[in-house]
Amino acid sequence: MQSLVHVVLAGLSSGMFIWLVASGLTLIFGVLGVLNFAHGSFYMLGAYVCFSVARLLGPHFWLAVLVGPLVVAAIGYAMEHRFLRRVYQLALPYQLLLTFAFVLIFDNLVKLIWGAGSISPPPGFSGSILVLGRKFPLYSLFIIAVGPLVALGLWTLLDLTWVGRTVRAAASDREMASALGVRVPALFSRVFAFGAWLGALGGALAVPYVGLLTPGMGESIIIEAFMVAVIGGLGSLKGAFLAALVIGILSAFGTRYFPAFDMALAFVLMAAVLLWRPRGLFGAAA
Amino acid sequence: MTRALRLAAPLLVLAALCAVPLAGERFLTYLAIRVMILGVFASGYNLLLGQTGLLSFGHGAFYAAGAYGLGLFSLHVSAHPLLGLAVAVAAAALLALFVGFLCVRSSEVYFSMLTLAFGMLAFAVIWNAREVTGGDDGLVGVVRGKLSLLGLALPLGKESQLYYFVLALFALAVWVAHRIRSSPFGLVLAGMRENAVRAAFAGVPVRRYRLAVFVVSAAFAGLAGGLEVLLEGSARPFMSHWTHSAEPILVSLLGGLGSLAGPLAGSLLFVALREIVQRFTEHWMLAFGVILLLIIGLAREGVVGTLEQLLARRGAPEA
Amino acid sequence: MSEPILSTHRLTNWFGKVCTAEDLDLAFRPGELTSIIGPNGAGKSTLINLLTGHLPVQSGRIVFRGVEVTRLPIHARVRLGICRSFQVVNVFPQLSALDNVLIPALAAAGRTRRFLAPVSRERAARAEAEAVLASVGLSERRDTRAAALSHGDRHLLEVGVALAARPALLFLDEPTAGMNPVERARLLESVRGLAREGRTTFVVVEHDMDVVFSLSARVVVLNRGEVLCDGTPDVVRNDRKVREVYLGDEVIDLMPVAEGARP
């Protein structure tokens, strides 16, 4: 029983990182209609930049978590403004390939700047709490709390504020929103930057959790984020949150009990969901 | 392009290819084999992408299926290269039948995501199944058996000998791709790309045909994977990784999606560029990302496509 | 009365809370040219979508030539002989006009599985495609890409693609929209000619009353998913319910107005 609870908790916390990346991915897809391959790179950049900022400005982790993602958001803004904007009217393959080109660029820039090896940030959070008689890291509990907070924040932003309403309008009908005076291109850049910020936040928060920075960390999280986004239904934040929880817990079980096939479980789930609901759990109908 | 040129060009290319080993440069011969292998991979892939409009991010899995299929067959059963390649193609096609059945029910983005996930799943399986596949060390020690054909036992040990074997299969593969493209089936595939709904209303069983072209493109990938193992003597999990799956996409885009020559020209350019850039920096992929950006921004039709456009404009100035 | 070529039994469709087809019991007789008219939102396109397989049937049955086709996928229905054209041009943009009609012609001839022989050798299908292009007047444009055709030509191609599938039952969804009078006349002549040959049964959705009354033997009026009136053009023209529903619609100007019908 004790190990079960611990596995579930571990799953929840790892699921929250996937949720942070997937939330940005879903937001970008829902509003701009673009599937951003480079979102895992934003996660990775968030981690690396946060690490460097912490080293620069002294060991204030929370300051780094604040600054780091903002830097990445700026990078995201530039990427959309300069490049992505040009391919909206092109066919899907070109959009995907453009974002894929950025994956190559970002991933290799990281290798160039920080080196191809892995970096171990200094351990900072060692506190733990007893759960059913076994120690469980406090930081993980903190992460489990952050996830729903972000979800709540996004829901509030999108459903209850004027900004959110504008975003949702532009998402459902670009031309109409533009006719009503919304400066859609600028809005898109901002939404993209915000999505990048979310992904980078995930990366920044992951630094103490994962304990290791590698140039490959973007790759592994993007696959999971994609699967979560697809299972939840592309464009549905609610779906992404739920799917992240499920995938996180499934992966935790996989890692613990079937180490060779933890990815298989997620894939089987995705295939099964898409067979039942071709657009994902909460995806928009054709 | 006049008809005469159209017929002569492939023959000229074939003649040029036959002449490569005669130059005596082993490394050049090796590179040329790599170009042909990539050309086989990309030609088949372009039947799926350029002709039918389906973007698969997981074709590396079929390449790997072919590679490991031939490798395992060679190590445990027989090192006969043609038999091994037959196993490679069959393994890839069978896998694609199963995967494709699940994937073609979805369209557009969902299709791409499913294939991506499947490719990475295959990667994970290959990585983890150490006893069978050698894990991240890969499958090593695969020898090139003698080619027993019509009573003759042709050795393939030397690069130049393997070269002509690969050339023959490359020519065959490209010929098949050409015939498919210009066949009624090929026209129907183009219709499915242009307007899948209307194709259905024209009486085309869209899902079934998508599966068919998916399997065919996977067969090409399997052949290419098998050929690589014959060349290198080893199979690696990386073959199923999504960055490898991206290669035929990049290559097809580089050369041009709309023609048979596109993926071939793209393969040549890709290998050549890689060799050149790698002389200067180890960050070849970074350069490639930039090149990809440039292509998408400036020359979307690819090299061959842009050339065709220029020639068409020159030929009909009043148009 | 001869066996209907297609009949529906209590065909019903809901779009959320709106009923777009209500318990429809319709029958189309082979060789007869029927027009379907009705105000916007009457459910005309929905009906075609249901009958051709574009929309899944929620409740009710569709029987074509004695075969139950309610659950058949689109391409299977086309192979049986049910086809349609679209109101908004829905062709293969980057393919030539000839290739556009060649695809359905190949499918109708069962030749789409050939993958090793060149399509240039398919003489029968090509002849058929050329004939279809000629019937809609696009022979000279055979090598032009569909996207490069003029607006009117594209609409002609749209109907051509539907004709090339050699359907026994063909639904034309507002085929003359976007055509100039010359093109319209040409198309209507083709349709009349084909209808006279008797091989294809036409069902035409139209807004243009001239077309409707000059072309059809039978007119079905739909409103809000229900059949308001079903009969010869004269019967429909003088039906009070039909006039009520069309009150305020510009259509009223083309129909003889009885005394006191206008407020």
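Letters are used for the chains, namely A, B and C, taken in the order the chains are written, and counting of residues starts over at 1 for each.
The rule is short, and it goes like this: contacts are C-beta pairs under 8 Å (C-beta built on N, C-alpha and C of every residue); 3 or more make two chains touch, one makes a residue touch a chain.
Here the structure is a predicted model, which is why all the values come from computation and not from measurement.
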{"item": "Length of the shortest touching-chain route, subunit A through to subunit C", "value": "2"}
{"item": "Per-chain Cα centre nearest the global Cα centre, belonging to chain", "value": "B"}
{"item": "Length of the line joining the C-alpha centres of subunit A and subunit C, rounded to whole Å", "value": "48"}
{"item": "Rounded Å distance between subunit A and subunit B, as computed from the means of their C-alpha atoms", "value": "33"}
{"item": "Separation of subunit B from subunit C, taking each centre as the mean of its C-alpha atoms, in whole Å", "value": "43"}
{"item": "Contact set on subunit B toward subunit A in their complex", "value": "49, 55, 102, 105-106, 108-110, 112-114, 116-118, 120-121, 124-125, 128-129, 242, 246, 249-250, 253, 283, 285-286, 288-290, 292-293, 296-297, 300"}
{"item": "Complex contact set, residues of subunit C against subunit B", "value": "52, 54, 73-76, 78-79, 83-84, 86, 90-95, 99, 102-104, 106-108, 111-120, 122, 125, 161-162, 164-165"}
{"item": "Contact footprint of subunit B on subunit A as seen in their complex", "value": "35, 83, 86-87, 90, 92-94, 96-98, 100-105, 107-109, 111-112, 219, 223, 226-227, 230, 234, 259-261, 263-264, 266-267, 270-271, 274-275, 278-280"}
{"item": "Contact set on subunit B toward subunit C in their complex", "value": "176, 179-180, 182-188, 190-191, 194-195, 197-206, 209"}
